[in-house]
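Below is one structure, written out as structure tokens, with a few remarks after it.
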Amino acid sequence: MEPLLLRQSIKSFLLEDIGSGDITSAALFHRDQMARAVFVAKEPLVAAGLADVAAQVFVTVNPQIKWHAPVVDGQQVMADEIILEIEGPVLDLLKAERVALNLAQRLAGIAGLTARFVHQVADLPVRLVDTRKTTPGLRIFEKYAVRAGGGHNHRFSLSDGILIKDNHIAAAGSIEQAVAKIREAAPHTIRIEVEAETIAQVEECLACRVDAILLDNMECRAMRKAVGMAGGRVIIEASGGVNLTNVRDIAETGVDIISIGALTHSATAADISMRFLA
Amino acid sequence: MEPLLLRQSIKSFLLEDIGSGDITSAALFHRDQMARAVFVAKEPLVAAGLADVAAQVFVTVNPQIKWHAPVVDGQQVMADEIILEIEGPVLDLLKAERVALNLAQRLAGIAGLTARFVHQVADLPVRLVDTRKTTPGLRIFEKYAVRAGGGHNHRFSLSDGILIKDNHIAAAGSIEQAVAKIREAAPHTIRIEVEAETIAQVEECLACRVDAILLDNMECRAMRKAVGMAGGRVIIEASGGVNLTNVRDIAETGVDIISIGALTHSATAADISMRFLA
Amino acid sequence: MEPLLLRQSIKSFLLEDIGSGDITSAALFHRDQMARAVFVAKEPLVAAGLADVAAQVFVTVNPQIKWHAPVVDGQQVMADEIILEIEGPVLDLLKAERVALNLAQRLAGIAGLTARFVHQVADLPVRLVDTRKTTPGLRIFEKYAVRAGGGHNHRFSLSDGILIKDNHIAAAGSIEQAVAKIREAAPHTIRIEVEAETIAQVEECLACRVDAILLDNMECRAMRKAVGMAGGRVIIEASGGVNLTNVRDIAETGVDIISIGALTHSATAADISMRFLA
Amino acid sequence: MEPLLLRQSIKSFLLEDIGSGDITSAALFHRDQMARAVFVAKEPLVAAGLADVAAQVFVTVNPQIKWHAPVVDGQQVMADEIILEIEGPVLDLLKAERVALNLAQRLAGIAGLTARFVHQVADLPVRLVDTRKTTPGLRIFEKYAVRAGGGHNHRFSLSDGILIKDNHIAAAGSIEQAVAKIREAAPHTIRIEVEAETIAQVEECLACRVDAILLDNMECRAMRKAVGMAGGRVIIEASGGVNLTNVRDIAETGVDIISIGALTHSATAADISMRFLA
Amino acid sequence: MEPLLLRQSIKSFLLEDIGSGDITSAALFHRDQMARAVFVAKEPLVAAGLADVAAQVFVTVNPQIKWHAPVVDGQQVMADEIILEIEGPVLDLLKAERVALNLAQRLAGIAGLTARFVHQVADLPVRLVDTRKTTPGLRIFEKYAVRAGGGHNHRFSLSDGILIKDNHIAAAGSIEQAVAKIREAAPHTIRIEVEAETIAQVEECLACRVDAILLDNMECRAMRKAVGMAGGRVIIEASGGVNLTNVRDIAETGVDIISIGALTHSATAADISMRFLA
Amino acid sequence: MEPLLLRQSIKSFLLEDIGSGDITSAALFHRDQMARAVFVAKEPLVAAGLADVAAQVFVTVNPQIKWHAPVVDGQQVMADEIILEIEGPVLDLLKAERVALNLAQRLAGIAGLTARFVHQVADLPVRLVDTRKTTPGLRIFEKYAVRAGGGHNHRFSLSDGILIKDNHIAAAGSIEQAVAKIREAAPHTIRIEVEAETIAQVEECLACRVDAILLDNMECRAMRKAVGMAGGRVIIEASGGVNLTNVRDIAETGVDIISIGALTHSATAADISMRFLA
């Protein structure tokens, strides 16, 4: 995660939570009252965003806060395990606490869900990727959590990937014409991927020698057929309604990539709490 | 939701998703190509953030886009129901699509989960509220969705509510001293709420005549006792580990308020898609 | 004062004063020319915003600037007393000088005026508070100065206090209906205060068991009556046309709080200058 | 006042006052409830910032709000006179009210104080100007109010005027050397003004043919002498401790310009209120 | 060019040029004084950024300004030809003039230089592309001008293209290892391009089946050899020291793409002026 | 160059180039892999913006990066000379590289072109200045480069210089009336300069005792005449179509100042590259 981007987001998250100031703590603590605290996993989880995110929230509030992350991102952690240690002025620890936890919990949630999907297909030569179905404002964080969980990333935004969908095709007249136009206009650094809903469309895509084909909501049988047609010459991505139950079946069709919106839009927060040390 | 705040957030969400431009659509559509599209519920859901959020995403991309929301926020919607209609340049509809959907899906998810909780206790005189466990950057949106689902809001930030927790109490020496200090320092416009973990602490709180007591992870029996001690003179809030299974039991203890982090940290996206009309 | 908020404001204040650069000093000083300077009170004043504001302006210009504040905020200072010492590159001291002085002078002015009001009622159990009549962009600073002068703060913004005024009441139909609606909608963390212009309205407020009543421009006799009616069960705030002459009379009516717009809208700058040391 | 700059400031002022939303009004008004209101002068005052500032606050909240300013900036207004009419959704009028009033009151205060100074010397060929002693963040507004009151502006920032002060002179070695260095470095579009504390320094300045001399805290006799020495060849500015009592004496010395920090740092708010029309 | 990005940049460009306000025009024009003006090409040039950039500068200053662009971007224009017509308040036309001209001149300069390069190889199957050697802050504008001149774009930023250079290779140990690592980590939507300085490296690249090879500063003979080795299976890009004299020779080696830093770093402004109409 | 302004610009330039992250380097380097690199002049050039700009780009990416600039800005440098040394994490050096080079190359280009102009007239008492024809967003940088090359600056923006042009004169009725209005309105700190196209206008300007006259596109003979008429009492600036061929002829007319748009709008990038040290 790019630190220049991170810092901007973290600062705005803190301002959202702080409002015009923490009126409770301001009245009860001296500025120089120090404390130590830890983040504790309250359930088994996959760590994500501890050193790079949660710790940075504390440091943004006060660069003097010291921290240590005893686990690395992506690591499976047991309940009651300490996953982050921080030390600094109580006032600042409390000010950063909620934002740091909210981020760490959400990212661990995504990493954990991703890890469960990855586990289903661990022995198969398939890559599980996220989508653009991320929480607005958190894409950089959530795509990182997917990687921490063992997944990979699809395009980050509309400018770093080409995906020709049904209405693009309709506007251009045919897959062939759409691909031709895109090939003329787009930077050579980016692959051309086309969404196909039928085997006929897969055929059209192969005829235009696209770089990748996204099989949209296809049956496994059709996907297997598409994989066969592609013969390893183009990347085949399966997409649509993927869940923990069907992911292995889909992977066994031989597709190269499975994209899963649920990784980000249906993960729930992992349970982490902050405990002050006596 | 305050429009001045909304617009700022929506603009930054769009920039996140657009990157340096939608290179696929830019190559395939003319600027003046118009289209109509609808948001369709793909499952039963509770509408939230259609007119005020999703439609505003489209309008931010292009103020000429026309829209109509056939349902109101908070309304229970059936699968396949149309929940938003939009019309404008295809290029702009596609540019706004993902951000508008990501927001609408997340907000409907929160509203729906809230509604399920509320349904459990609909006949009881209790108020279900959210917490500060919201997605960073989305608090204004998510707290709105909780209201759309029939819930209420707890404090928005650290500056518009006072919550004296265990380490505040430790720092001050006792609940009594903490409350005295806060009472001296805080604006008179804000109530004083204290977290209590034991009945003894509830008693201390009552002795200081605080405005509200948050019962932290107490057993139902203890909560019932606390409610009795309070005798209606102070607001009693139950908090900690509330879920769909135990919420009714907790409500039946007679507490005034139940705060539920899960409303925002464990809601998953409702399934909504955008469909272009021929 | 929350440092994250402070820094943003101070940076924008500096940019306003610096324009595209200090063309006079840039031509006449070397970057490494060091100097020491002091802020001197040119008249008796109440210190406010020295360590937390003025010194931060210097540090924002150059984090290497060293400073020491021999007085604490809220302290009464005599003419010719040194209230801040700074040391660093001349170029940077001169660049920060005007903004630091403008802030320190204004905040000392507010603290001093507040202290004069507070002095009038020092022996009475009343709290003097500010209003939202602050200088746009400076609320966080000015509310701090009021506290430095011995006053207290009213709500910070429209979101952390409820004040039901005449047109709210008119819109709702009656005080009772307005309070009922607000009670249903507002977070339980915030007290409900209603503006009353007549004794009849005070009665209505008491009947609805509001948390606080703002007596708007009432005569002292009426205020005394309202205080009697309240009997200590609700907070009584006096407001409107309060000045140094009448504040004691008002306080003697027994009201709990007196809000005074003049604290911020009619304070003038205290006289402070910066002197370079040989 | 430059609209591009104005809008940015006004938006941030509104966000400061609105916090996360106006929780009182949101609960009590419908969005489509319309109202008319007026700004009324509660005392005789000089109008400033009505059409260009206060009205723009309303329009920033909601571009549909209609307004009319029956008086022009700089106009002397009587008590009870209506100085601004606005019409639009009540929710939006209330949201803009405080910021609009805070600005209009402060600007009228400055314009009025300036007008009183100007009145003292109306028959003399002297120009009264402001200083950089403005409220941080409000310089563009306050310098406008000085003009509305009949005054003129000194430099706006450190980059659009050259003022060589004592420590600049000390650093350069002499006035002559300082002026030589500045003349070499500075753009030819900006005049060179030097601060003189003694007649000997005035002489030095004249010898270097500076464009303007600022007489710093001089006695009237010395100022008169300086004016004679200048003989109309350079602009003579008087500065330091100017007030309503001594401004005429200073003006009668024949100086061209008198700069008065008090115009901005010691003006208090004029009394203006907003009244809803039935 | 994405309008949301454009508007932000244009606003900041205007603020840079306006400073605290146009003091000359403010004193000499009434707000309602209208005028018509035209942009005239003072030399033959290639139009770029008239409707999308220059006109938007005027509209940003004042949305009421009307405009018409009689030429389209990319069109070759003769000396004295009118290329943009605008109409609105003089004050606003003058405020926008310099920024609009500075942009239009720079973009036409880039488009014109690109067109000259393109002209040299118009009959050859090669694509001329820009680089990241753009003016900081203007990348979106300058890459657009390259397209207007008939060129194409290379990657926009470090996140939408993969280019493995010598120090990446050194760090990984070999081209093979670098490519393997990148293939594992990078999104499947982006092609993998590797910089090769020797034919041996080209061979290595082909062995790893990269998507594109950038021939860094190679002789034409070597480039021809590389093209032969590639046999159309990977994209071959020539880079380094390309100018109007050698571009055709390079193109004739058969490379697919020639990247030219000079398109943006060595274009000079085309001569355009704004003329008011009587 | 003002550091507060610099930092803001540099941060936004970096974000433009980094996009959502450097996906190539992120996959190939460890965070703690250190490297040393140098900026090398690939052709003779005039250094500009090394310590103050290029080095600051590196430091903005990572404050721990160490740097040393063996040459000072304005110094003539030979081909192959090392002009900047940097040391730090490879990841960070690569992240800053392109922005730092783009700036250093452009600034050296401007400084070099300026130096060539200055060289032509080095023995004459004339000052060569830039114009507002700078690259939008880079004015502070480019005006600095002009100074580094031995030139001077004209006004920075519309607010720190007065230039009365033909349409201002037309609006006012005459030069005399325009000057009178400006003299009344403008701050005394800024000189009044008027654009003259004919000797008759020069005469009018002299009659009004303006501070400076800009001779717009005049013949040398006319300029010489104007210089004679001015007799040293006002600053004479020549402007319009100045190039390396005619600049000496123009200077020999005796004008005080020659303004040259080409310094910034027609400079091309100097050739500088970054080389990693083994």
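Each chain gets a letter, A, B, C, D, E and F, in the order it is written, and its residues are counted from 1.
Convention: a contact is a pair of C-beta atoms (placed from the backbone, for glycine too) under 8 Å apart; a residue touches a chain by one contact, two chains touch by 3 or more.
Bear in mind that the values here come from a model prediction, so they are computed numbers and not experimental data.
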Joint neighbours of subunit E and subunit B, given as chain labels: A, C, D, F
Any chain in contact with subunit A as well as subunit F: B, C, D, E
Between A-E and C-D, the pair joined by more C-beta contacts: C-D
Where subunit D and subunit F are represented by their mean Cα positions, the distance between them in whole Å: 32
Centroid distance [mean C-alpha coordinates] between subunit E and subunit C, Å: 52
Multi-partner residues of subunit E (at least 2 other chains): 18-22, 139, 156-157, 159-160, 162-163, 187, 190
Chain contact graph, described as a line, ring, star, complete graph or other shape: complete
Contact set on subunit E toward subunit C in their complex: 19-20
Parts of subunit E lying in touch with subunit A, wherever the complex brings them together: 127, 129, 152-156, 159-163, 187-191, 193, 211-212, 235, 237, 256-257
Residues of subunit D touching subunit B in the complex: 11, 14-15, 18-22, 61
Contact set on subunit E toward subunit B in their complex: 1-2, 4-5, 139-140, 156-157, 159-160
Complex interface listing, subunit C residues touching subunit D: 9, 12-13, 16-29, 33, 35, 90, 94-95, 98-99, 101-103, 105-106, 132-139, 156-160, 162-165, 167-168, 171-172, 178, 181-182, 184-187, 190, 261-262, 265-269, 276
